[in-house]
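Dropping the structure in here first, questions after.
Naming follows writing order (A, B, C and D), and every chain is counted from residue 1.
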Amino acid sequence: MTAGGTISICDVQNRRLEKGFKLTRVGVTGVKKPIRIKRNGNIELICETLGCDIDVFVDLPSDQKGSHLSRNLEIIREIVDDSVREPVSGVEDLAIAICRELLKRHEYASVGEAHISANYFKESRTPDGKETLEFYRLMGGALARRNGELTKTIGVEVTGMTACPCAMESIRSSLMEKLGEELMDVPIISHNQRNICTLMLTLPENITIEANDLIDLVEDSFSSPTYEILKRSDEAAVVVNAHKNPKFVEDVVRDVLTRLLLRYPDLPDDTSVVVRSESEESIHKHNAFAERITTLGELRL
Amino acid sequence: MTAGGTISICDVQNRRLEKGFKLTRVGVTGVKKPIRIKRNGNIELICETLGCDIDVFVDLPSDQKGSHLSRNLEIIREIVDDSVREPVSGVEDLAIAICRELLKRHEYASVGEAHISANYFKESRTPDGKETLEFYRLMGGALARRNGELTKTIGVEVTGMTACPCAMESIRSSLMEKLGEELMDVPIISHNQRNICTLMLTLPENITIEANDLIDLVEDSFSSPTYEILKRSDEAAVVVNAHKNPKFVEDVVRDVLTRLLLRYPDLPDDTSVVVRSESEESIHKHNAFAERITTLGELRL
Amino acid sequence: MTAGGTISICDVQNRRLEKGFKLTRVGVTGVKKPIRIKRNGNIELICETLGCDIDVFVDLPSDQKGSHLSRNLEIIREIVDDSVREPVSGVEDLAIAICRELLKRHEYASVGEAHISANYFKESRTPDGKETLEFYRLMGGALARRNGELTKTIGVEVTGMTACPCAMESIRSSLMEKLGEELMDVPIISHNQRNICTLMLTLPENITIEANDLIDLVEDSFSSPTYEILKRSDEAAVVVNAHKNPKFVEDVVRDVLTRLLLRYPDLPDDTSVVVRSESEESIHKHNAFAERITTLGELRL
Amino acid sequence: MTAGGTISICDVQNRRLEKGFKLTRVGVTGVKKPIRIKRNGNIELICETLGCDIDVFVDLPSDQKGSHLSRNLEIIREIVDDSVREPVSGVEDLAIAICRELLKRHEYASVGEAHISANYFKESRTPDGKETLEFYRLMGGALARRNGELTKTIGVEVTGMTACPCAMESIRSSLMEKLGEELMDVPIISHNQRNICTLMLTLPENITIEANDLIDLVEDSFSSPTYEILKRSDEAAVVVNAHKNPKFVEDVVRDVLTRLLLRYPDLPDDTSVVVRSESEESIHKHNAFAERITTLGELRL
């Protein structure tokens, strides 16, 4: 099967295939690593350690039996060690560094890909102004081609709250029949629930987007953000705000899109955009879901 | 290592240990099987196939190296085949049959244990009387001892809805300051969310409990049950009912306990009871949780 | 906000938007339902109930506020009820029926989409010829356009076993240095592990593919299939077979592709193919992964 | 329902119940927080940030409607903030600090409970001596009673590898019939797979146990530890070692127990011990499982 001596006997991955098929992606998934990123706080630079889940892949030509997976782990190890000495500013920067190395060390590959997700915490303030530390998920990715093309992906997953406009209108309308117009000042009940909203942008390497800005933008698009600590008056304020601002999953997605156009007028037209909102409906056992997959150019038309 | 011939060489599990430790449970987990159960519908007998997850265990004495795990799978296979010919009335009956066989075929064991969980569907009616088919989880278990003792466990996991009494009171009180007493007839907003409530009873083999009754009992203890299909007036009714009936997780657990005592006055005092309620809070990223672990005897004091 | 009377006040979904964005998909996820499918057994027709997870979506034009999600549930309910009276031959057939109704009842939509996944059990035989009942996942989907175009997706997820060729070669080569050539008849150790392989085909509605055939095709592509019950000689045979047949994740994907071309010479060139193999590596805490996304036409070049 | 003015109207939790039931535990689950712990490295003190999942509970007397859940979050917030300034040496220390505060601020409670789990990374060395960074789960807990009693729980979850002794013996015995005794030097194939082993100790507050020691102890009890990066000779060594050291799940549990007694001769007899080993069998779709729940005193008999 191989022509070779001791070395080629062992390098099973390098064996030549005659009627093989090329593969779209070959690699490792679920690699867990602590990485260090730096963020600009109000004055000082904050360095945080995030626990990451990392997937990396290269493509494989049709005539090569296997990809050398241990090289992927060596790359991840080195890049992560570098991040301890010199923290990067986002998980997407790590993904870029990994992708470049993937192409260097897998000489047979034409594409290198890395996806990183991480738990993330950010200071926030309740309606009453109390400080809380809220939980988010960060996603960063990169895809590099042998010809030098490289795109990166920055994403956030944010948990918030939606109150349903439809149930609210049905109830308002039946109450108005009974109680009359003066009801206008009273907030009307509806069902409300946890909503998970995801925003992902894919764009050229040289453009910097702060994950914190994406989180804010998504949080502003819910009926209300949610908070870890809510004493009584804060709790009431969150509930009242959510009911002043009832939203379908469709509304959450569209409001993220609107805010995105306003916030980033200078991002290129070919920036890919994915926005997804899923409500864990309190009145049903299933979820409500809305999604838009598009480019900034299409949205600007 | 063994004295024996061909057979004993291979029966590694039966090897004698000198300084071994006994083990509490040894077995297999995550065995997936379709089983058939029969239920009394209004007139006819309904036979349903449920996809089950099965865990079975025996204990192991200190001087035996291993338990013969393939025997567990043979038992499961036979019992499940039997259920196709002659459907049982609950997953707990299958667990009992499995436990008896565990003790027969693991001659070294003093305890046999089986736990089964299954997706389950039950017809329900919305406030407007429309038929829906709702989703639940059934749990059945059994524990048999060599001395003949046997207990069984019947459990249900039900998804419903809770509306928070605390936020509702804060908001009512601040609205009454502004708008006065006539507000009394208007339902007051609060946060509401999915609640998962689990009820499990462990009791003697000869007592029959219908899982459907347990499901009804739990569903009546939420702020409102939830439904798959809700047209506009039904949706409004569910939301209004939930807000007429605000509940903490604590209230859900206590209301299940109250209904349990009323519904089953004749169950023995040593019936074990676990009731658990978890609300996927719409205003927080974490959950609220309440649990009572007790016996019917204690509850009746 | 609306011009209308009682009805339009309540139909919040139908409100007109001036500067809205269209949405790619709006619908419900995680709907759980029991469905009945029929399969041709050796002689008789077998009707089985499968517990399904269903997601359905339509697109939404930019000028409409919301999609009427309760219609989705009504459609699912009716189609599933029909399947009780007249079982369909695959979950993909249900997905097709759902998609056609989605377009009928969401008059504003141009695309309807349904995805169904289900636990599935199939009789198999161990190397010794003993009958076992093995567990699989079925996936069925459909996408219908207002212009009449419709494609369906048939998929299976199969768990098997891979033994690593690379470790085996390293160890063989070092053993041969010590022990010489006569070792050739002895199976050489390697690491082996669970592998999850997914195969999905997207093709025109009128072509029928048996999920059972796809399962067989994937199972033949592992180092060995896996079985629920393995008595001693069967267990040895599975282990020996797996080591005679060492495979990387890359090999599993390519062998599925090869078998697919041989088994279905008449499927159209534009049939979409996804094959994915993931090994839960016994020597690592992470997984190895390979994937090909392509068309049959590309594979046939 | 309440006698009171504005304040008591809002403190719904404090309402008196006449026929309530006491509750075993009421609290919050799934609170996510970054905490800082310090470890003694070879020379220097290492401070690490771990992403934690925290559950906290108190019991509730029968005459009180609800527990003040926001107090739990305030406690977690303060304790976690303290850990940034002054890192603790283990997650169990945080659990203890939380429990003490739970009893202070829930004046009606007689028990406070906290459970923390965290992703954790530890340097390790492959058989060839190469450095790797391996992934583990830490668990820490505490339970405090109003009478001053307090116990803490320290636990680790470790992923390793098991090779089956039974399949190995069957195959060895059939090979020896064919090939004779000289085979004795050749490692014999078997099935091998990922094994997840959990060790948890519950003991008095004043005794310090290093989680790193528990991890080492568990890792030594597998057929082999597993590693993120394995170049060819290391990979072969791991596979050979695992096959020299075949183990059932039963063996893993017993070997952890043996090492525990040797490593901690001075721990008190009433130290609770849970050891659990689960193998994700490569030849089956289900898992093999063994568990011992005991005390050190019982083990020492």
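Basically, a residue touches a chain if its C-beta (ideal position, glycine included) is under 8 Å from a C-beta of that chain, and two chains touch if they have at least 3 such contacts.
It should be emphasised that the depicted structure is a prediction, and the values quoted were computed from it without experimental measurement.
Engineer: Could you tell me which pair, B-D or A-D, is linked by more C-beta pairs in contact?
Structural biologist: B-D
Engineer: Taking CA centroids for every chain, report which one is farthest away from chain C.
Structural biologist: The chain farthest from chain C, judged by C-alpha centres, is D.
Engineer: On a C-alpha centroid basis, what's the spacing between chain A and chain D, in Å?
Structural biologist: Chain centroid spacing, chain A to chain D, equals 30 Å.
Engineer: What is the distance, in whole Å, between the centres of chain A and chain B, each centre taken as the mean of its C-alpha atoms?
Structural biologist: Each chain reduced to its C-alpha mean, chain A and chain B end up 35 Å apart.
Engineer: How many angstrom lie between the CA centroids of chain B and chain D, rounded to a whole number?
Structural biologist: 26
Engineer: Where in chain C do residues touch two or more other chains at once?
Structural biologist: Residue numbers touching two or more other chains: 10, 31-32, 73, 135, 166, 170, 228, 230, 232, 235, 284-286.
Engineer: What residues of chain C sit close enough to touch chain B in their complex?
Structural biologist: 10, 31-34, 48-51, 70, 73-74, 77, 80, 119, 121, 132-133, 135, 228-232, 235
Engineer: Of all residues in chain D, which touch chain B in the complex?
Structural biologist: Its residues touching chain B are 6, 9-10, 12-13, 19-32, 55, 57, 60, 65-67, 69, 73, 165-166, 169-170, 173, 248-251, 253-254, 257-258, 278, 284-294, 299.
Engineer: Show which residues of chain B lie in contact with chain A when the two form their complex.
Structural biologist: By the definition above, chain B touches chain A via 134-135, 159, 161, 166-167, 170-171, 174-175, 178-179, 183, 185-194, 224, 226-228, 230, 232-233, 235-236, 238-240, 242-243, 280-286.
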